[in-house]
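Before we start, here is the structure in question, set down as structure tokens.
Letters are used for the chains, namely A, B, C and D, taken in the order the chains are written, and counting of residues starts over at 1 for each.
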Amino acid sequence: MRRSNAFRFPTRALAAGLLLAGTALAGAQAQTAATIGMQLEPPHLDPTGGAAAAIDEVVYANVFEGLTRYRSDGSIAPALAENWDISDDGRSYTFHLHAGVTFHDGSALNAEDVKFSLDRARAEDSTNAQKALFAGIESVEVIDDTTVKVNLKSADGAFVTKMAWGDAVILAPETVEQAATAPVGSGPFKFDQWVRGDRVELVRNPDYWGNPVDLERATFKFISDPNAAFAAVMAGDIDAFPGYPAPETLAAFEADPRFDVVVGSTEGETILSTNNKADALSDVRVREAIAHAINRQEIIDGAMFGFGTPIGTHFAPHNPDYLDLTAQSNYDPERSKELLKAAGYDNGLKLTLKLPPPSYARRGGEIVAAQLRAVGIETEISNLEWAQWLEQVFRGKDFDLTIVSHTEPMDINIYARPGYYFQYDNPAFQDLMKTLDVEADPAKRSALLKQAQQMIADDYVNGYLFQLARTGVVNAKLKGLWQNSPTQANDLTGVHWE
Amino acid sequence: MLAFLTARLLTMIASLLVASLVIFVMLDLVPGDPASLMLGLNATPEALAALREQLGLDGPWPQRYLAWVTGLVQGDFGLSYTYRVPVSGLIAERLAISLPLALYALALTVLIAFPVGMIAAATRRSWSDVGIMGLTQLGIAMPNFWFAIQLQVLFALVLRWLPAGSFPGWQAGIVPGLTALTLPAIALALPQASILARVMRSSVLETLHQDYMRSARAKGLSAAGALVKHGLRNALIPVLTIIGLQFAFLLAGAIIIENVFYLSGLGNLIFKAISARDLIVVRSCVMVLVFAVIAVNTLVDLAYGLVDPRLRRR
Amino acid sequence: MSLLDFQSLSVRINQHSILSDIQFHIEPGEIFGLVGESGSGKSMTALAAMGLLPSGSSARGQILLNGQDLLALPEPQMRLQRGKSLGMIFQEPMTALNPVQTIGAQVAETLLVHGVSSKREALERAGDRLQRVGLPGDKAGLGRFPHELSGGQRQRVCIAMAIALRPKILIADEPTTALDVSTQAQILDLLKELAEDEGMALMLITHDLAVVAQMAVRVAVMHQGAIVEQGTVEQVFCEQRHAYTRRLFAASTHKPARVATAQSQAILTVEGLSHAYAKQLPHPLGPRAMLRAVDNVSFALRQGESLGLVGESGCGKSTLSRLVLGLERRQSGRLCLQDKVLEARQPMDRASRRGLQVVFQDPAGSFNPRHKVERIVAEPFHLLDQRPQDWRQQVKRALEAVGLNADDRFKYPHEFSGGQRQRIAIARALIIRPKVIVLDEAVSALDVSIRATILDLLADLQRDYGLAYLFISHDLSVVEAITDRVMVMRAGQIVEEGQTQAVMQNPQHPYTQALLQAVPRIPENLRPRPEAQT
Amino acid sequence: MAAARRNALPLSLMLGLALTGLFVLLALVSFFWTPYDVTKLDVAHRMQLPSALHWLGTDNIGRDILAMIMVGTRTSIAVALVAVTVGVGLGLPLGLLAASRHGSLLDEVVMRSNDLIFAFPSLVIAILITAVFGPSAFNAILAIGIFNIPVFARLSRGAALSLWQLDYLRFAQTAGKGAMRISIEHILPNILNVLIVQMTIQFSLGILAESGLSYIGLGVQPPTPSLGRMLADNRTLTALAPHLTLIPGMAIVLIVLGLNLLGDGLRDLTDPKLARQR
């Protein structure tokens, strides 16, 4: 390769070089194993004892199962519970479990295990990260071996959805202690080994109660550095990297027939979180000014290389109840300047912008800072590790602005918590959520949800940037991975080699 | 000799104790609560408190320090906050990669630097000397992660001669293991070899002007003969010091290189543990590294004795 | 045919002429002396014969070894001559041996390089040679490292190395200059004996006329890269045909004309001074071994008196000088300066320092290279509460008093020769008119001719300013020339003290006797004949 | 002698001066002029190859690379410079003090602390420091600077100790001058050359250290560009848009090379031992 050429057309020339070199080796794969790349390593493997998305990304649907589960399209499907009845008042759910389900250690999974799991999650000393999911449960009754009845404090239309969360999976009391390090679940894969810092290996569970899976062995390999992720996929060390962290390199994979680039949606509303109690930011005009200063498309292009959907409120666009409110906070720097002037900040405003590690935040932050500067808002950027972010921003509320993706599904209710880190305190919204909690009628729920979306958009609580895209790179011959991620998971049940 | 060894051992223990205290106090200052990190954004205060207690994060610091040090002495490094497995096991697992990598890199360093430095010294002020010295300057000037990425792109992605990263584990065999470590070892070794070659050269040049070299010439040795027979061993003394420093650096300084080649070595463990505020892991890893440095320094001191009889007597 | 014949040898280094038209020859078995001051080119002459001239030098002429021109030999052949036909030893035995190799191996190497024996045999013969030079040649002796030996012993090893193959000629370049007198005498005896026993010629290079007188049969005097005079020792010493030779001889036996200025009043009194250093510890918890460098020394220096302190290296005289100067805290004993009493551990105050100044040995290390002479000479004014108004005048006068030019004060020290620098050092010591000047080996590093002028200067200054000198030296002849009284120091103690003349002529202590015995002297019969002095 | 030296001005010195000068100039010019505002984004025109409009192309969010190199050089030099200043500012006095009290408890404490700092893995500590205090230019400087202190303390102590053996310091003592005054008046000027050589070396190491810290995200914070962060931000594009990392990479290499050559040249020029060699 001549140097001058390489310099003139670097992308094409190098991609071609990579491609030529790569074809020779493809196909030598053992076709019953797959290696899945993940950016973050789970701290442990107990989904009921930690919030880390990485835990679910390894074990959800593969090792552990709940009563219900998410499908790839975001809908809820039966899992351990074959079906369920809802009482007329909507306050009690009777789940009918599949018969003959066993844990990986051979013991049977029965209604006692379900009761144990739910009671454990809502107990006072529970370390469940999503304890709120279980707060509505009044009691759990074992009817017989395969039937369990859950009584709620009040009607909850979303209860079945809540039971599909990774935090609500069913464990056996005998093996709960080892869930963190050597999980024993009921899923189609058994835990094999965990080389910490490097990978988790799963093997096929031959005694699985449901449809048997194609893969005999699945390896989750943890690669945090985006460049290393690129190299690993390019070199064929990784068969699929669903949450691929370097969107800027996707062009190279798109050009390469060995790979498929998968772009799906996530539940991650990426927002410019705003401290509503901070001095200047308590003024809604300032928040509105910020909203109009933001050019969403530029952020999506610049930070995510075009992957992502603009949002105008805290709701996932793929949700049927989504309200497109982007026009309300359209890019309008002149309006922004006027608002700032009206709020008395025409001489400039200085804000802090604290950014956690992901590239959407770091790269997006630089762009947001540039856009805000254009309307006269100076930001002082500090890049934080997650630990510092949690300490300073999330718990300490010592920030003006931050960028973070809220990846929990259907989490608009966080706006009802006045103590939540962005400190939005609107009694009307809180009432709205209470109404929603007890409303089971889908049409009314939809209306309430839309009302909620409108309310926070009107208050310009946060800057709504974009729905995080799930960009993945997959070996072209590996099929069956989720395209979207309604919940954080790498469901391998349908994965197979072509 | 025995007295010398005891003395060295005592100094070493004293240094380690001071170092452990420094490490502990330093890490006690680190803000960030591992419990909240582990439970995430939506955790309730009760859950946090429960986890904090589980992890033993409460209690006055002298008590926790003592507990840690006594544990260290007994080989009990505690339980990782995040992984909830014994830290000693984690460190041992990582050392199985980091130690061979450091040794591999060190071997490359020495294998490159010795001949190169000698040739440069022997041909000083010639074009080969100027050329070699220029190359070593380049080797020192390159940021090593940048160099590592270039190596990775060229040899792993374009030429496909070597793996791009990852470590298959020693159970996969010595050859695949070493192959996997080759690129990282080169990336680590070349800058170090550049430094060592320069030290080697100047150290050899230094000996060229010693009186005993003139004595050797007066005996009838050729210039090259005198250099090999008398210069080299004397030149080794400063070189040994540098090699000791380099080993310590290679063991601890591979963090960035491990990142590039997605190796889960000790550096990687520390780096992730710091982000996760898994302080018990950080603490013990730093302690292990400090121990390695001090131990290597002690070994180098003893090695001086082998090279230089003047230091044997003490 | 001569053994070694220098025929119009000229050497240039980087276009500078170093040697010009050197012409002399050495006969087999002869001891030939080559005398000259530093920089005269005597070492270069030797290196030219060895083919070890520094890079960048070019030699013309011929050096014939048994009729074969060494300068014409290509390096590989020249290499075979070194060590085999020509042996050489150097001035500095402390660094001439490889510190990391046993002495046995280093001696045996001469044999091995020339392929004359197997390794085992070479070691055996090395043992013989070591025994020949007076060192044990058994296994333990062969296995010793240079650092385990004293300077004299190391020089013996160098000699063994050089004579291992019984070369026809041994070139000894200032072989004893770095050694104490008693060691010097032993080494010289050894060299003479070797030359006689082995029929080996010896080319002895030295600055010391007395050494040549004792050793050589014929001698050549070198000056500025040329031989000014040569002949038998008797001829050269007695006739002194060349003016330079005469100057050299005059300087080496020079005694300044002194006027007795000593008064009875003591100006500096030292009582029971002791000082011990901790030896290097075997390990941190080991017992602390102490080395008593100065052991209960007492003396008094009277106003206007010149008191000598002689001793060999390591006898404690440097420590004593540092204690007197207040550079090191006195562990025990008191010091009385004029009327002021300084008890043990009491630091020396500025007022006391005003009465006490010093001139050190090393002309290179005596001055801050970045300061001009004016600033250097004015430094002691720091001892006054205020620098005098006319301090520049005083500096000028001090420089003139020591024979320098007043304009020299704007120069840097490196622009001066060794002798001039010593004058600057004296000017600096004089500037605040102290009562006592400590002269710590003040003339030891100087060539004889310069040394003579400095001694004259010191005598003049003593007369003019009524100074008291504490004159510390290892060189008995210098002490004899300049002092009224002398103390002989050994192992931290003063073993003998008395009027200089009395001690020199009638030493009481056996150590003093041995010391005086060892000093090489030019025999009476080799003194210049009266008619030669014009 | 002095004239002869001037004639033989070492090649390395001239090359080093030229390179260092070039980058210092770039950094200085950036105070007054850069081809584009470094904070100005132009996402539509990102990752462009060098052209007449953008002499060195644009980066992954469309900033002008030349402008970033200029300002980045300024930042990197500033970080390294301050870190070296911290090292000299604390290390030098400590070293001189320790040397003037050779063998005392103070000397021992200073030397032992030096050894202790040297025993710590510097990168790990740098990461920890930024973890404690948050990443910022200041903390990067602190993290790099701390490890400069023992370097200069040890160097100045060693150099000063050998000077303390010299007679002119003894004489200064007999002239009633105290250790501090002697250290400043006699020792400092005479160890300055050694210090300057070491400073250039530490300076270049500082630039490398800054780039390493930036790689793991702990260096200078955006929007201020630094050479290290340019490398780090674009590292995933090494294979696809090589100029994005090649240019800042070469800039670092050239600065460090220039400084090292400068240091070498200065050493050749001032070290009498080497002067004798030639």
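Remarks
Keep this in mind: contacts are C-beta pairs under 8 Å (C-beta built on N, C-alpha and C of every residue); 3 or more make two chains touch, one makes a residue touch a chain.
For clarity, every value in this text was computed on a predicted model and none was experimentally measured.
Minimum number of contact steps separating chain B from chain D: 1.
Chain pairs C-D and B-C differ in how many C-beta pairs are in contact, and the one with more is B-C. Look at the CA centroids: the one farthest from the centroid of chain B belongs to C. Chain B and chain C have Cα centroids lying 50 Å from one another. Computed from the mean C-alpha positions, the centre of chain A lies at a distance of 86 Å from the centre of chain C. Inter-chain spacing, taken between the CA centroids of chain A and chain D, is 44 Å.
For chain A, the set of residues that touch two or more other chains comprises 14, 18, 227, 234, 357, 385, 387-388. In chain C, no residue reaches two or more other chains under the touch definition.
In chain B, the residues touching two or more other chains are 31-32, 149, 153, 157-158, 259, 274-275. Applying the touch definition to all chain combinations yields A-B, A-D, B-C, B-D, C-D. Taken together, the chain C residues at the contact with chain D in this complex read 322, 325-327, 350, 353, 356-358, 360-362, 365-370, 376, 379-380, 382-383, 428. Remark: chain B residues 31-34, 36-44, 46-47, 50-51, 54, 82-85, 90, 93-94, 149, 152-153, 156-160, 163-167, 169, 259-262, 264, 268-269, 272, 274-277 touch chain A in the complex. Considering their complex, residues 15, 18-19, 22, 26-27, 29-32, 137-138, 140-146, 149-150, 153, 157-158, 205-206, 209, 248-249, 251-253, 255-256, 259, 267, 270-271, 274-275, 282, 285-286, 289-290, 293-294, 297 of chain B touch chain D. Listed in rising order, the residues of chain D touching chain A in the complex are 39-41, 43-44, 46, 49, 60-62, 131, 134-136, 217, 221-223, 233, 235-243. Listed in rising order, the residues of chain C touching chain B in the complex are 50, 52, 75-76, 79-84, 87-88, 90, 92, 95-101, 106, 109-110, 113-114, 145, 147, 158, 161-162, 280, 282-286.
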